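Following this line, the structures themselves.
What follows is chain A paired twice: with chain B in the first complex and chain C in the second.
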Partner chain A sequence: MRKRTGTSAWFLVPVALVAPAPAGATQYLKVEDAQKLAFPQADAFTPFAYAPTPEQRAAVDQAAHARATAGDPAIWRVTAAGQPMGWFIVDNVIGKVEHITYAVALGRDAAVRSLEILDYRETHGYEVRNAAWRRQFDGKSAHTPLEFGDDIKNISGATLSCRHLTDGVRRLLAIQDLVLR
Partner chain B sequence: MKKTLVAALVASAFAATAHAADPAELEKRVDRLSDEIAALKAEIAKMKAEKAAAAQAAPAKPATIDIARATGEAPKMYEDVEKTTFFGYGELNYYRPTHDTSNTTADAARVVLGFEHRWNDRTRLVTELEWEHAVTSSEDQGESEVEQAYVEYQINQNLSTKTGLFLIPMGLLNEHHEPTQYYGVARNFVETAIIPTTWREGGLLLHGNHDSGLSWDAGISTGFDLSKWDATSTEGQESPLGSIHQELQLAKAKDLSGFGAINYRGVPGLLVGASLFSGKAGQGTPDFPAPDARVTLWDVHGRWTPGDWDIWGLYTRGHISDTANLNVTLVGNPTLVPEDFFGWYVSGAYKLWSKDEMSATPFLRYERYNTGWKYATLPAGLTPDALPTEGVWTAGLNFYLNPSVVFKMDYQKFKQDTTRDRFDLGVGYQF
Partner chain C sequence: MNLHRRARPLLGTFVEIACRGDAGVCLPAIEAAFEAIARVHRLMSPHERDSDLARMNERAHLEPVQIDEETAYVLAAALELNRESGGAFDVAAGSAGSSGDIELLPQRFVRYARALRVDLGGIAKGYAVDRAIAELASRGITHAIVNAGGDLRVLGGDAQLIHLRDPGAPATLHPALMLASGAVATSAGYFARAVVDPATGEVIDGRDSASVMAPTAMLADALAKVVLLRGSLSRALLERYNAHALVLRAAGGALHARWLPQVPA
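Moving on, here comes the complex of A and B:
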């Protein structure tokens, strides 16, 4: 009897492979979940309409020294009992040919609290999801060095994704420093 | 302004009625009124023109409101539309043998165009088309190839499949062979002569990855065709497996192969991994003297990139079983089928200078490889001698104009066949 059960289970393997998977095969985290993960104590995420002046945009470009590749970010002001806790920002960068959607949480000190990959659509380079790699960004701010290769180590085989995410976070830190404060 | 105009006209009309008794005076007033109306008409026309000009100069209103900007909502998480994107890479090289400059060549070594078409968030097509050596015809040496053509299906967030013609996951170079991704003008010898980069097969591949940084591949595919072995040529000495691979060109597929790979990238800057490929190569060829011959190739590799340093290395070894009966029929020819072949290299690079997107990185590599390390024992002293193990030093510089464009130069020094010593220049790109 036990043997027969085992055999049946093996027949289920190909079924599992072709069965419809849950929605969002490339989506690893929803925005609301990422917000709670980054700021578990927060009780309000208030949307902030990001509309920089041309001068601010030029200043951000200069400070970020990397080209914007995927439009403006979406930004929330984070509070707990009316007290500011920081900022939560969702942004896109290009990996090789597809967008990577990621979220950066900035604390009251304007330093990175966490970086999460929300959506990864490329064939290669998914290794940027690795927690140890993402933790390299913790504590970085607009006033600390953030250069790919020097401050953020590469992942062999995922160079483009690593480089572009580093550029993206540097841009968000510049936005915080020059527009949000 | 319109109200002012009407009031002026009414006032003028009342005034004219009150003094209608004097015809001459009335005529003068009518003339004045006519002049005033003409002036007012001119003023109105001028105002209309100014208004039209102002409307033209003003920035157009956006056709749609940027909801994300206006409300702070998240950007759309998934672009659920079909989408085709193009990519490519290329390398153009100059090779100058230092002991025989008459063999100096310049070559458009590779120009590759590819595209990805995504049908939805879990299904996409990847195609890569390659031209080697610029011109392809019956009278030229160039080749045109389909390098990759597979359908990728994302089963879930940690599991995906490839079906079609894909690169075998082995070594450091085979899956990442774009010129911006390696040091030196030409690809290293070990991952050319022993692992036949760019090595692809047709089949099914299952890929898994874990958030810890561990990833694995497993699959079945077409394999090698040992009946293609040409003992009269030296091609088998240059690359034993490169001379019998099939590249899905009407590939003999009676004997399928299996493969697997495992890689760990859980520590930033570190990669360690290993891979294995094995399959029979007789392919049911009638009267073939090695029907059960099996080709096995494996490798271990590692890379450590702590900041500006980049250090990496690889060991690989291949084996072809049951070759004795085949080699007996080939005795007297220059190239018999080896039983064992191997190669390894260590390499280091240091980013010496960088400014904005530019950087200069010198590198040094030492590699040893032998494409005929051992041969199966044949009767009556017919066993061929093992080939000498070649060693190559390569020293050079990669100068990146930006991360996608690289200029290269190097010098290669051979230990055995010193006639191959050479100086190389190259330019490579990727987009």
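Moving on, here comes the complex of A and C:
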């Protein structure tokens, strides 16, 4: 690229000591908590056996414009005092570097009532843990109130697209339309 | 006092809100903050039908189009940044014209001198983060982080460790900055969205990333694009907006870094 660089301001970031880092995983909500948030009035979440016929599966693929990549979703029928309130669905999507578990609540009108990410995992292949590079943080507390352990990180980076998740939601709406009755 | 974290897909990316305080205060505040971001999405996404952006791009070259106060605010900021950056920041880049063809008229009317495809993607995400932070603060929250796909802002004076991706290997993270009461945004070509140079129409896909720290996420978001394009030529612009940049460059298996205008105190 045509970037004009200055004279001497570049400095080398030492990357000699590279250690494997665990995949970062953040749990935002447990399934039960997400259920209560989405349907506070509900008194029963009954597991629904999602067992589509090959024809239904093909119809869902076609309506969603994509094939499932991470298995079938877990589905609950939601009721209050025996009356149907809608559906609660937990699904996974796998992106370039991320693996996401998310929950969608559908009302009786099949509209999306809520969409929450339950788990977000990024595969950080390696992380630099170099003493010289880290020294610049000496005397500053890295574990201030919002930092909790090594697994939760504040990352600034170019935008990671949520297209896979949007595709996933479209697929769940197709399942609702074609299979859930 | 507990830490509450939520994440939702908005603005074409993942938005995370972390907030410290009692659940009774934090949870409704987080809900309101997500709603503020969703509102920015509805107003400024070029893909949402009937968004201000969609209506502008469809009709503003034919007749003045009236837009929402929030969209007008972001558009005015974008036009100012276009002038201040000598055209490097351009929300009309990649279309037939430039920001100079956009006119913001009284009473929030906007007019194009020719048909344009304006995209506020390079600034609206940062603005949405600022709106979310303002919503949290107005509800008495004193410690929070809002992160929209890497554009993030810290509310409160406790410094937070910020990790940057290695531009040569984006799955590798580097602990790089401590940030309190401010914002940081990063531009790079390593994921889907690349930056287009308005001067040449060229897509920047080099092995650089530009991270800008600024008082607001809107400024950090926009200035990161300028620094990625113009490098050290953006020094005066950064000073004007009280901002700092950290440029990372992957070359020959090594990672190099450089601060602009200088290492912040």
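Definition applied: the second predicted complex is superposed on the first by the 115 of 181 C-alpha atoms of A that agree within 3 Å, B and C clash if a C-alpha of one lies under 4 Å from a C-alpha of the other, contacts with A are read in each partner's own complex, and residues count from 1 in each chain.
The definition used in the following text is that a contact is a pair of C-beta atoms (placed from the backbone, for glycine too) under 8 Å apart; a residue touches a chain by one contact, two chains touch by 3 or more.
In this text the structure is predicted, and so the values were computed from the model without any measurement.
Engineer: Given the touch rule stated above, what does A:Ala51 touch, chain B (first), chain C (second), both, or neither?
Structural biologist: The answer is first: A:Ala51 touches chain B but not chain C.
Engineer: Considering only touches as defined above, state whether A:Ser156 meets chain B (first), chain C (second), both or neither.
Structural biologist: After superposition on chain A, A:Ser156 lies in contact with both partners, chain B and chain C.
Engineer: Counting only touches as set out at the top, which of chain B and chain C does A:Thr101 meet: first, second, both, neither?
Structural biologist: So A:Thr101 only meets chain B here.
Engineer: For A:Leu115, is the partner it touches chain B (first), chain C (second), both, or none of the two (neither)?
Structural biologist: Second partner only, chain C.
Engineer: Look at A:Thr166 in the shared chain and tell me whether it touches chain B only, chain C only, both, or neither; answer first, second, both or neither.
Structural biologist: It touches chain C, and chain B stays clear.
Engineer: Touch test for A:Phe39: chain B only (first), chain C only (second), both, or neither?
Structural biologist: Neither partner.
Engineer: Pick one for A:Val90: touches chain B only (first), chain C only (second), both, or neither.
Structural biologist: first
Engineer: Look at A:Asp72 in the shared chain and tell me whether it touches chain B only, chain C only, both, or neither; answer first, second, both or neither.
Structural biologist: In the superposition, A:Asp72 touches chain B alone.
Engineer: Quick check for you: in the superposed arrangement, does A:Tyr28 touch first (chain B), second (chain C), both or neither?
Structural biologist: So A:Tyr28 meets both chain B and chain C here.
Engineer: Looking at chain A, which of its residues have contacts with both chain B and chain C?
Structural biologist: 21, 26, 28, 96-97, 123-124, 126-127, 133, 152-160, 163
Engineer: What part of chain A is in contact with chain B in the complex they form?
Structural biologist: 17, 21-22, 24-28, 30-31, 46-51, 65, 71-76, 90-92, 96-99, 101, 118-119, 121, 123-124, 126-127, 129-133, 136, 149-150, 152-160, 163
Engineer: What part of chain B is in contact with chain A in the complex they form?
Structural biologist: Interface residues on the chain B side: 68-75, 77-79, 85, 87, 116, 118, 121-122, 124, 126, 152, 154-157, 161, 172, 175-176, 181, 209, 211-213, 215, 263, 265-269, 271, 303, 305-308, 312, 351, 356, 403.
Engineer: Of all residues in chain A, which touch chain C in the complex?
Structural biologist: Going by the criterion above, the answer is residues 1, 3-6, 9-13, 15, 21, 26, 28-29, 96-97, 102, 115-117, 120, 122-128, 133-134, 137, 140-142, 144-148, 152-163, 165-166.
Engineer: What part of chain C is in contact with chain A in the complex they form?
Structural biologist: Interface residues on chain C, with respect to chain A: 3, 5-10, 12-14, 16, 18, 20, 125, 143-145, 147, 149-152, 154, 156, 158-166, 169-175, 177-179, 184-193, 204-206, 208-209, 211, 231-233, 248-249, 254-260.
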